[in-house]
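This is the structure I want to talk about, given as structure tokens.
Labels run A, B, C and D following the written order; every chain starts at residue 1.
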Amino acid sequence: MTSLKQPDNTAILLIHCPDQKGILASVTDFINVNKGNILYLDQHVDRKEDVFFMRVEWSLEQFTIPREKIEDYFNTLFAQKYQMTFRLYFGNIKPKMAIFVSKMSHCLYDLLAHYEAGDWNVEIPCVVSNHPDLESIVKKFNIPFEYFPITKENKDAQEDREMEMLASYGVDFVVLARYMQIISDQFVSAYPNKIINIHHSTLPAFVGARPYHAAYERGVKIIGATSHYVTADLDAGPIIEQDVARITHKDTVEMMIHRGQDIEKIVLSRAVEKHIERKILVYKNRTVVFA
Amino acid sequence: MTSLKQPDNTAILLIHCPDQKGILASVTDFINVNKGNILYLDQHVDRKEDVFFMRVEWSLEQFTIPREKIEDYFNTLFAQKYQMTFRLYFGNIKPKMAIFVSKMSHCLYDLLAHYEAGDWNVEIPCVVSNHPDLESIVKKFNIPFEYFPITKENKDAQEDREMEMLASYGVDFVVLARYMQIISDQFVSAYPNKIINIHHSTLPAFVGARPYHAAYERGVKIIGATSHYVTADLDAGPIIEQDVARITHKDTVEMMIHRGQDIEKIVLSRAVEKHIERKILVYKNRTVVFA
Amino acid sequence: MTSLKQPDNTAILLIHCPDQKGILASVTDFINVNKGNILYLDQHVDRKEDVFFMRVEWSLEQFTIPREKIEDYFNTLFAQKYQMTFRLYFGNIKPKMAIFVSKMSHCLYDLLAHYEAGDWNVEIPCVVSNHPDLESIVKKFNIPFEYFPITKENKDAQEDREMEMLASYGVDFVVLARYMQIISDQFVSAYPNKIINIHHSTLPAFVGARPYHAAYERGVKIIGATSHYVTADLDAGPIIEQDVARITHKDTVEMMIHRGQDIEKIVLSRAVEKHIERKILVYKNRTVVFA
Amino acid sequence: MTSLKQPDNTAILLIHCPDQKGILASVTDFINVNKGNILYLDQHVDRKEDVFFMRVEWSLEQFTIPREKIEDYFNTLFAQKYQMTFRLYFGNIKPKMAIFVSKMSHCLYDLLAHYEAGDWNVEIPCVVSNHPDLESIVKKFNIPFEYFPITKENKDAQEDREMEMLASYGVDFVVLARYMQIISDQFVSAYPNKIINIHHSTLPAFVGARPYHAAYERGVKIIGATSHYVTADLDAGPIIEQDVARITHKDTVEMMIHRGQDIEKIVLSRAVEKHIERKILVYKNRTVVFA
């Protein structure tokens, strides 16, 4: 699926700012005038908050502004004028993703299968775990397995070591692939909107531990999973993607857990893909996820 | 869709009891031996609770036990032996359903459209409302519209009058079709597992008022609706049916409300249909809903 | 749901043209410069066909070009330059929709329920039928019921009369709400992309008559419905909306027909809503349906 | 997920026969009387065909008939009396599954991830391919990779060799995990209802090659996948499972292919799981799939 990878020589802008007349026209005009060929453009206006969101990607083939100067130009010409918050990415720079796991392999396999198939424009420099169980899987894929057992006593120290290690690998964002350990606020604040978690319920239902057991007790007819950015509040960060499956009275907790694993892995992989494609903007604990 | 209506001359048994060997064999044998032709049989064993559930429907054409004696026979032969809770219905007796509404018409129309099309083996003797808004719709269908405005002061008295009226109509069960008023415990206890409500969220998410507003604030990517039997705990009764729809960042609260109405009406009508078809059993705040 | 109705004093442009640099900037600039406040903007580039699609809606409150001159200005300034095909609508002009039915009421009721609730910015001047069965329903809603029985012999003549009648009512578009009669090419060509049909399968599966029976025979596990614009080729016109439901081996043809009716009515109503909102563009037998 | 694996010491019966009174009672009585503890029981009556279907699983712990005699007893006591077709399995005998692949890895990875996680009571003695591309993946899992390149000239001979090899491995059933090669009738007839294919459309739509391209051309709003048993007719065998995803005008063929891969792998794995669990019965080109 190499055709889905972002073309090398492109620039991607993610923008949000107070909605004002002429922003879209100005930005597209800026790209056009400087001979950038727009490959992708999507925008959204939140009319309740009066905020404008935009993702634009253009070819740098004949773009007359050198790539190292684009940020500066854009900042000068638009960002201040429109009070913009913006991020600039280049299609040829692969983000580095660390995967955190514990004992369950279904999400890990799904991420690694996409990775190995070349579906995503990403690098995975390491897999981190608080349990040794999945080491043999990670080794199959020739990825370093970094084992950090966590206890109440050593948690702060181990997280410090983890963050050092992530920095040494140049990790850009973290994926918690059923990592069964709460991340400290300190860690979370080091990766704002850069830690993606998968929770095995349709949040905000069944926050916290053992959501399938709680769903069974409540007698729901639909189960689901939620991928979200991690914030200081447990399971309360900005939701990226959700999906569900129907169940019946025949489904035991064990069957719900089993059915749920398919949803979890698909929902997590979709969120990771959107993040890699630079298609997610966060505003006031909600996401804009472009198609 | 008359073909879906239950054939007239049938008996329906809904059973649950502690799981024991031979129940299914005994019950089906009882029907067979007495020349009942089984038209429907579904059973479920909850292995966690060790409870057996069963729905069986058979033709009374050549059944040798007279219909007025079936309950007694069954009670004597099986119910005591197996510690059964059972209910017996006859296909030619239409249950009577009262619909409670307030101001929104989408669920009401959907119920009445099914009713008028003859989809359901039910009678609707009256529609009850705490607001006058939908009277003209109800009149179109030639159904009495019973208007009971509710205030804090008159609530108990009005509910007493409502219950008298329901009794006078011989109402068997009540459907709250977006009835925006909490029913008192006294009323609820008069209709155990006989009041069906539609809540406009996938419970247990967003219990209470304004669930779409809460869903919008939380930034969910999926909205839904839940039909459930009403119990003394708000929005906490046994769930009958749920369904969902995907939304995106483009959906405002108003669009969610609008999209949600389609889900609400479908989910409510499906629950009502299952109830009319005598396919729902309740056990420990969960439902067994046979196909 | 009055909040979903289009605000009165707006203009809506639906555009498609060969993709070229600067179109979006030019059009939005044109609106901005003339003091139009953009309320909705969505665009799509089909990179395979190199075609640009756009829907823009703006307030005319302070727009400096008088509404009767907008089309002319837009034509002169943009349409020729960019080889545009465009349509201009005004939010305060309600399109007129005729509903064609035969014997089944579920889609009719759903359309009329939306209509009566004021969900849609539309008028329904008449309901047309080739059978008398649904007259009493239509009468309830105080809408003229136009009965045109069709035989092989009188079909051409009756369609001529129907078209005259539609013209006399000023009908803009036609909704076939389970109208069980093939429309002639002559009729179809008089309403290009203005006749919406609901077919009770997920096209292109099960084209033609009795799709649920065919689905049953094939043993599918999913059934569905498709709304599409009618073209000269049976069930082959541009698809607007589709949806599905899971079935199992327990579902008989009759149960599939019954389950399917819910999908049909929802899928048809969604398509009608999008059409009324002027959010559908057709290109090469495919639709662009804006959110 | 070891809890989902079938308990070792059980027997499973899959039965179908003309519907007659007393079958269910007789069979369950037979098991009860001989001290078998029923762990699973589901039945279905196809009232159109008048055929009775049943799956029953019981513990052999205290069962008084020795396992090697069960088939004979059952045959004598019931099969002839009721004109039954039945199959008997034992929970402690793992079926052997061969996977056939070509170049795409997504279904293969999903099957192997389930296998490695111990989700399924199955053995995978070999993976077969007509292309060398996926050898390295298979090697990771320490499974023999059997490479059989196929040309028009060598096809018959290669299939003969494949069947010999499958026999030597004791393979019970075959899974075509996006194996891009039509299997000959001779091969198919050697594995009746024992070859599971995944087709990347919601059959019967888009039979044959390049279904996503065809779906794109037709402008559908929903894509899907179908797993089915392979018969002599291309893509026309009994359907086991289907699922879908919504798409929009924004989805290119490449995006549909990518989205579709998630559906394909899930739909295939679910079908394989049901087959391994002995929950599928085939009758007249349709499947009964027990929950």
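FYI, a contact is a pair of C-beta atoms (placed from the backbone, for glycine too) under 8 Å apart; a residue touches a chain by one contact, two chains touch by 3 or more.
On a predicted model such as this, the values are computed, not experimentally measured, just so you know.
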| item | value |
| --- | --- |
| Most distant chain from chain A, judged by the mean position of its C-alpha atoms | B |
| Of A-D and A-C, pair with higher C-beta contact tally | A-D |
| Separation of mean Cα positions, chain D and chain A [Å, integer] | 35 |
| Centroid spacing, where centroids are CA-atom means, of chain A and chain B in whole angstrom | 42 |
| Residues of chain B whose C-beta touches two or more other chains | 47, 248, 250 |
| Touching residues on chain D, where the partner in the complex is chain B | 21-22, 24-25, 28-29, 32, 37-39, 41, 43, 45, 47, 246 |
| In the complex with chain A, residue positions of chain D that touch it | 1, 3-4, 104-106, 109-110, 112-113, 116-117, 119, 137, 140-141, 248, 250, 254-255, 257-258, 261-262, 266, 269-270, 291 |
| Of chain D, residues touching chain C in the complex | 44, 46-48, 53, 202-206, 218-222, 224, 238-244, 248-250, 252-253, 285-289 |
